[in-house]
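Just passing along the structure, written as structure tokens.
By letter and in written order, the chains are A, B, C and D; residue numbering begins at 1 in each of them.
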Amino acid sequence: MIGSGMKKIILQNEPIDMAQMLHEVESDSDGAVVSFVGKVRKNSRGKNVLHLEYEAYREMARKELAKAADEAEEKWGISNCLVAHRFGRIEVGEASIIIAVSSPHRHEAFLAAQYLIDTVKKKVPIWKKEYYSDGSSWINDKE
Amino acid sequence: MIGSGMKKIILQNEPIDMAQMLHEVESDSDGAVVSFVGKVRKNSRGKNVLHLEYEAYREMARKELAKAADEAEEKWGISNCLVAHRFGRIEVGEASIIIAVSSPHRHEAFLAAQYLIDTVKKKVPIWKKEYYSDGSSWINDKE
Amino acid sequence: MKIKIKAFAAVKEACGFEDKELTVSEGISVEKILLELKKCHPGLKEFDGTLLFAINEEYCDQDSVLSDEDTLAILPPVSGG
Amino acid sequence: MKIKIKAFAAVKEACGFEDKELTVSEGISVEKILLELKKCHPGLKEFDGTLLFAINEEYCDQDSVLSDEDTLAILPPVSGG
């Protein structure tokens, strides 16, 4: 990774500790922290979701996320950023992804956070399987 | 306030509990939670900030924030939103404001969160005084 | 008629009051009240062109007219967030 | 030369393998390998036109050529986040 800011990529099986994640990107010279939390919804495509499973090509996902973080720093001069994605089984209401970005001013932090989640949805090799009462299905359409 | 979502406005002297705030906007039918945290920076306009003090026209600030929340719901169909602003003395590194928005999809949550913080900066009757080693100053320019 | 005036932040400090009651003539405008206030509180002049006003907690403009028991708030440019 | 193939998610289930080693001729392209794989794993056909590929953890296209010891990953459209 390039630049002087902290950039942290976390891929883990365990639940994500939101307060901890936000704490990690803090610095006294930053006035803005923008975060995005993606959570498992109980409804998807008209079906009742029981739980999800995420699979990741972990080494490559880590590389792609690190590239996206570098790009966000280059484009918007953000200070610190963190992307944490869970894999394995995740229950309805739990967070699958957390993105947190700190920056001296808010506009850059908003843009960078949006860029990071958009990149995850488009380019990072992670897949979601939804489990319903009557089966399961890999999701491969765009939202 | 209008609509069916939860909209909560908090004006308080005490430190803001971020985890609690995020928890408040959660719902099982929302896939996205976007939050903005505004924090006291140690540097401002080339000066070394020791601490801040916020003053609010509280009754009116509450009304203006409630209007902004209603507008955000109308414009983007967000589910829940919360704005918490501290007043009184706030130290460097502490949060002065937290905005949290939940929505079925992420795009609307990002737009609504940005709208809310932009509105706070433009229209909500709250004022910031910066304290330095050699004096203090009410801030009245735009970022 | 009687009205209340509220001053905030830098305006409060420049004027030296936070709350004030005034007896004014019916149908008086915000602008007129401001002119009166400047006589006793010359510090207000430094805010010319930047002030915001609210009657009963709703933004209004300088031409707005007050009624009995109204509260007029005089607000410097906001800087919350 | 020898290469490794990795399959993920829906592709893994359709192919019935996660990791596979193949002996292939030098300079073989991704497209050519895919044609070979479809013979033994006809389930792959349902992904025609939607698959993504990576060589050694970097995205590549169908024309890309593999070297000895390379790892080719076959990826269905991503759905993380």
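As a convention for this text, a contact is a pair of C-beta atoms (placed from the backbone, for glycine too) under 8 Å apart; a residue touches a chain by one contact, two chains touch by 3 or more.
Since the structure is predicted, the reported quantities are computational estimates derived from the model, not experimental observations.
Suppose chain centres are the mean of their C-alpha atoms. Which chain sits farthest from chain A?
C
What whole-Å value do you get for the distance between chain B and chain D if each is reduced to the mean of its CA atoms?
48
Provide the C-alpha centroid distance between chain A and chain B, rounded to the nearest whole angstrom.
Roughly 23 Å, centre to centre.
If you average the CA atoms of chain A and of chain D, how many Å lie between those two points?
26
Return the residues of chain D touching two or more other chains; collapse runs of consecutive numbers into ranges.
In chain D, no residue touches two or more other chains.
What positions in chain A touch 2 or more of the other chains?
If we look for residues of chain A contacting two or more partner chains, we find 38, 117.
What pairs of chains are touching here?
After working through each pair, the chains in contact turn out to be A-B, A-D, B-C.
In their complex, what parts of chain A are in touch with chain D?
38, 54-57, 59-61, 63, 85, 96-97, 117, 120-129, 138-141
Using the touch definition up top, name the residues of chain C that touch chain B in the complex.
Listed in rising order, the residues are 6, 8-10, 13, 50, 52, 54, 57-59, 73, 75-81.
Which positions of chain B touch chain A when the two form their complex?
Residue list for chain B touching chain A: 18-19, 22, 26, 28-43, 92-93, 104-106, 109-110, 113-114, 117, 143.
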